[in-house]
Amino acid sequence: MTPTPPAPSDIARARCATGVCLGVEGVGDDRVEVRLTCPEVAELARPGEFCQLQVGPGPVPLLRRPFSVCRADPEGGVLAFYLGVVGEGTARLAALRRGDRVGVLGPLGRGFTVPDPPATLLMVAGGLGAAPFPLLAQACHRRGVALAWLNGAASAGRLYPAERLGAPVASHCATEDGSRGARGLLTDILGPLLATADRVAACGPNRMLAQVASIVAEATPRVPLEVSLEAPMGCGFGTCLGCAVPVRAGDGARALALCCRTGPVMAAERVDWSRLLALPPAHAA
Amino acid sequence: MTPTPPAPSDIARARCATGVCLGVEGVGDDRVEVRLTCPEVAELARPGEFCQLQVGPGPVPLLRRPFSVCRADPEGGVLAFYLGVVGEGTARLAALRRGDRVGVLGPLGRGFTVPDPPATLLMVAGGLGAAPFPLLAQACHRRGVALAWLNGAASAGRLYPAERLGAPVASHCATEDGSRGARGLLTDILGPLLATADRVAACGPNRMLAQVASIVAEATPRVPLEVSLEAPMGCGFGTCLGCAVPVRAGDGARALALCCRTGPVMAAERVDWSRLLALPPAHAA
Amino acid sequence: METVSGGAGSPGHPVGFDPTVAIGRGLTLPNPVGVASGTFGYGFDLGALCPVDRLGAIFTKGTTLHPRPGNDPPRVAETPAGMLNAIGLQNPGVEVVRRDYAPRWRDWAVPVLVNVAGGDIAEYVAVARRLDGVAGVSGLELNISCPNVAGGLDFGIDPRPAARCVAAVRAATGLPLVVKLSPNAADVAEVARAVVGAGADAVSLVNTVVGLKVSLALGRPVLPGAGTGGLSGPAIKPIALAQVARVRRAVEVPVIGIGGIRTATDALEFMVVGADAVQVGTATFTTPRAALDVLDGCQAHAERHRLCAWRDLRWSALG
Amino acid sequence: METVSGGAGSPGHPVGFDPTVAIGRGLTLPNPVGVASGTFGYGFDLGALCPVDRLGAIFTKGTTLHPRPGNDPPRVAETPAGMLNAIGLQNPGVEVVRRDYAPRWRDWAVPVLVNVAGGDIAEYVAVARRLDGVAGVSGLELNISCPNVAGGLDFGIDPRPAARCVAAVRAATGLPLVVKLSPNAADVAEVARAVVGAGADAVSLVNTVVGLKVSLALGRPVLPGAGTGGLSGPAIKPIALAQVARVRRAVEVPVIGIGGIRTATDALEFMVVGADAVQVGTATFTTPRAALDVLDGCQAHAERHRLCAWRDLRWSALG
């Protein structure tokens, strides 16, 4: 089974467009989906790619913010992003009103591999890391790939509703407070699920991804794992060199790769997990 | 006739309050009145005093912006400000929606003298300089002072409607394009009106005020003139020393006075007009 | 000081939390949040808008030997996340300060430090001498870094003249001496070392950064003269944090951090990079009680994190 | 160049409007709006997001003798109206530039100037020598002011080493030589005079200002190592304008203004205080075609005000 390899990040596909807000829908507790009309980008976006959204006229906040494309409907020309309020930029996006204009730069980065059927893809999402999976699930489903879904969050209200994925999935979940599914972390229940998967795609905090990677690396038979990483970004298109993440070079040597061009999605074995975890978390930047 | 002297600017009267927007009403072309509920300040504000309005959460724009109190209704707890969009701060105020909160620091500065009756006060307003006159007109009318009104603007749509003053006035106007009243500047028709006035209060651009001052100074009999000056302001309450305007000291020597404490309303003879006009205009700061 | 005192010693604090900050020569601030020179007058202006009694310290407007009228207007202009000022040291002169202001400060709970400025060393010395032993004056802040008067910067950007100036003032007064450093020095740590060597009890930084705003419509700078002024506000906070961290590594004396502080988080960030105390400046203009809000927020943080002293916040790499 | 050329010579301009900017040694920029080093790679990254053909100049990423991997992450952080970066001169080394990149630049309408960096004078000289006479390379911009590598700043803040470095590079190349000045010097005008004396054809300024951001949650700076990085963006515009005005009075050569330029108004403000050309930096990150928008706005301004040359904008007091 040779999966279709991810297309390399191709800046020629990126558009600097303007989206128009169609509405902001609450999703569970403290999470929203922001829907925009943005046909230029909606027709190009692939699973796991991201957009740099402008969160104001500037100069405060100054930089765009990166968000994974959650949904892209080429026919309707609609893009959706899933997010929670963690700071000024996300607060502004969550407060958009219908008709407000938003700068959309994208699609950017390298996305997830969509496997060739027959195959089962296990999608592993921690918290806001659910964002890229509706688009990935729909692409896989259209292609005939079976799907499993493992979602972890602090509480039931923070889980991403499986029915919103837009594709049939075998659904599993873990909550820290035990309010739905297993009590604990998703990594507590990941092991057994690997047996049924041909491939794993994961997105969430770096610490969670590192644990997922170590569990997958120890499982037999070993399944390919792709992870979507985060890094603070200056530009999103490979120019500022600001989003370096530690990777292992071909010869295993220490190296760095740009999260916005080589990633955000990378093969797990490419990532230098111990160096990554030694860094201050991206969300403190 | 000894007019009631203006109260000195008394910082003990200032409140750092929060107003709630009741609405933004269009007034003619490109001008609005912003109405706020702000009882603490509404009960204290006197004609010609101003408030420092917060125009956003910061840090851009950083500073509050000064606006003359246009109306203050102590019973209803309502304040109104008259403004046009000249930059970012005024754009934000004009875009306020009902229910939005606005920081209001005031009342600040020294206002206009309300003359003792019987007397006729001529109010001279250039453009946005109409702002302080509704409050002044109402205070004078309540006191039994008769009023004349001279308003100049670029065109009819920019004149401040006399009926909004809230008091009966003998009304005169000049427009640069001749679309209403005399064609030209208000200073073209000021001279003859002085004969009927016991006192003049003026507000508008520095250049206009200087001309008004020189016309009044040459008229016989000479009537007292008070002008409301503008200066870029850092604080509005006398601390930053940023709002200095050139004045003549008691002995006629060059001196400076703080627009926010000694002003914004000053006796015309106190102002050092030639030095004032030699400065870059406040609106270029 | 080992005792618990002031508002921060209120319930909720771990027993033994010490909110005070020792500056030296007997001066201990009740808490680390002061107000910056030139942004709080001589403490009388704000009245009920910002009651002074809970402040950690008041640093007065820069004071010279004789009254100064200040610069021609315009004197202030807004910039992205900052403002420029070119007040030009308008002040009533030291005689008014010692005769009229100091007596009123005597009964205040808050220590008042007079910010001293001058055109040459002799003027600094003369001002300091006239304030020596004056009841109500808790200390001096030597402003060797004002960018808005001719000569004002020279002392601040070069270690040697800075040290000469400080040594001369040191000899003229027994008052606690804080020296205010300029961010326009090529190496602020060198200047800090020099002034501490010359007798400074503490250093404060940063003063404003030299900046200029242009009016395209006028085809010239907004401020008069050469058009330059001092940049303050949030825009300079990263510059100030970098310099405080640098000075913290260079000297042992207390460091007072200044520059763009609007919130408790801003103030605590300065403590992370080694500030013992802070001053709130420009923020007072938009929120008159900003310093009190900052203090309240810092105290709440100390309680939440059960600090024993502000020092607990310091980045470990700074020792 | 006396002829009318490029987009700015289009209808609406008074006959004789000259949009070009002469740098010296035969290099004339087609218009005054370039893109700044480190914010546009080597000109290949942005593709259709910002077509290069109408740009006034491309200043490449800082280039060293050998490839450099750059600093550990995180490398960027946002600040009020600005950003910090500590990229650490990640670049492929001069060999890749001369072998792979320069040939592709040969057919471009836009002049490409390679930004040269190094750890010592020998490295600057070696890089410059390797680029001398390479087709496609229109000039060098000597970065004696990078705050993010050990030693990078030393050349920029002191006139003597700056002059030595420039003189050595001047001897090694016949290419037009722009020297990029640091805003962290105590007196940028002195450094400017020194480098012009040593053979610089033009100067550009400012590079980033040393800054630091703290994460209170982590109790340490956000950026690794000492925590400092280079501050860029609108926050530093007033600082850059002040320094450009100062350098304009100090030297006769062309001055290229940099710092916080996002709009045509920003660019024109730099011309008011004496800049002959400008570079758009951080703004490209948020608006990839920012430099073209700035150019269009400047040209519209020139038409509206019927300028004969950009020089007409200059503040009269600067002569």
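All chains are identified by letter, namely A, B, C and D, in their written order; residue positions are counted from 1 within each chain.
In this section, contacts are C-beta pairs under 8 Å (C-beta built on N, C-alpha and C of every residue); 3 or more make two chains touch, one makes a residue touch a chain.
None of these values were measured; they are calculated from a predicted model.
Student: Chains in contact with chain A and with chain B: which ones?
Tutor: Intersection of chain A and chain B contact lists gives C, D.
Student: Using each chain's Cα centroid, which is most distant from the centroid of chain B?
Tutor: So the farthest one, by centre of C-alpha atoms, is A.
Student: Can you compute the centre-to-centre distance for chain B and chain D, using the mean CA position of each chain? Integer Å is fine.
Tutor: Centre-to-centre distance between chain B and chain D: 47 Å.
Student: Where the CA atoms of chain A average out and where those of chain D average out, how many Å apart are those spots?
Tutor: 36
Student: If you look at chain D, which of its residues touch at least two other chains?
Tutor: If we look for residues of chain D contacting two or more partner chains, we find 79-82, 220, 234-235.
Student: Residue numbers in chain A touching 2 or more other chains?
Tutor: 59-60, in rising order.
Student: Chain adjacency by touch: line, ring, star, complete or other shape?
Tutor: Drawn as a graph, the chains make a fully connected set, so complete.
Student: With touch defined as at the start, can you tell me which chain A residues reach chain D in the complex?
Tutor: Contact set of chain A toward chain D: 11-12, 14, 16, 54, 58-64, 105, 231-246, 255-256, 279-282, 284-285.
Student: Of all residues in chain D, which touch chain C in the complex?
Tutor: So the residues of chain D touching chain C come out as 79-82, 84, 157-158, 184-187, 209-214, 216, 219-221, 226-228, 231, 234-239, 241-243, 245, 260, 265, 268-270, 272-273, 313, 315-317.
Student: Mind listing the chain B positions that touch chain A in their complex?
Tutor: 59-60
Student: Considering the complex alone, what residue numbers of chain D touch chain B?
Tutor: Touching chain B from chain D are residues 80-81.
Student: What does chain D use to touch chain A in their complex?
Tutor: Its residues touching chain A are 38-41, 45-49, 61, 69-70, 72-83, 85, 87, 90, 215, 217-218, 220, 222, 224, 233-235, 262, 282, 284-289.
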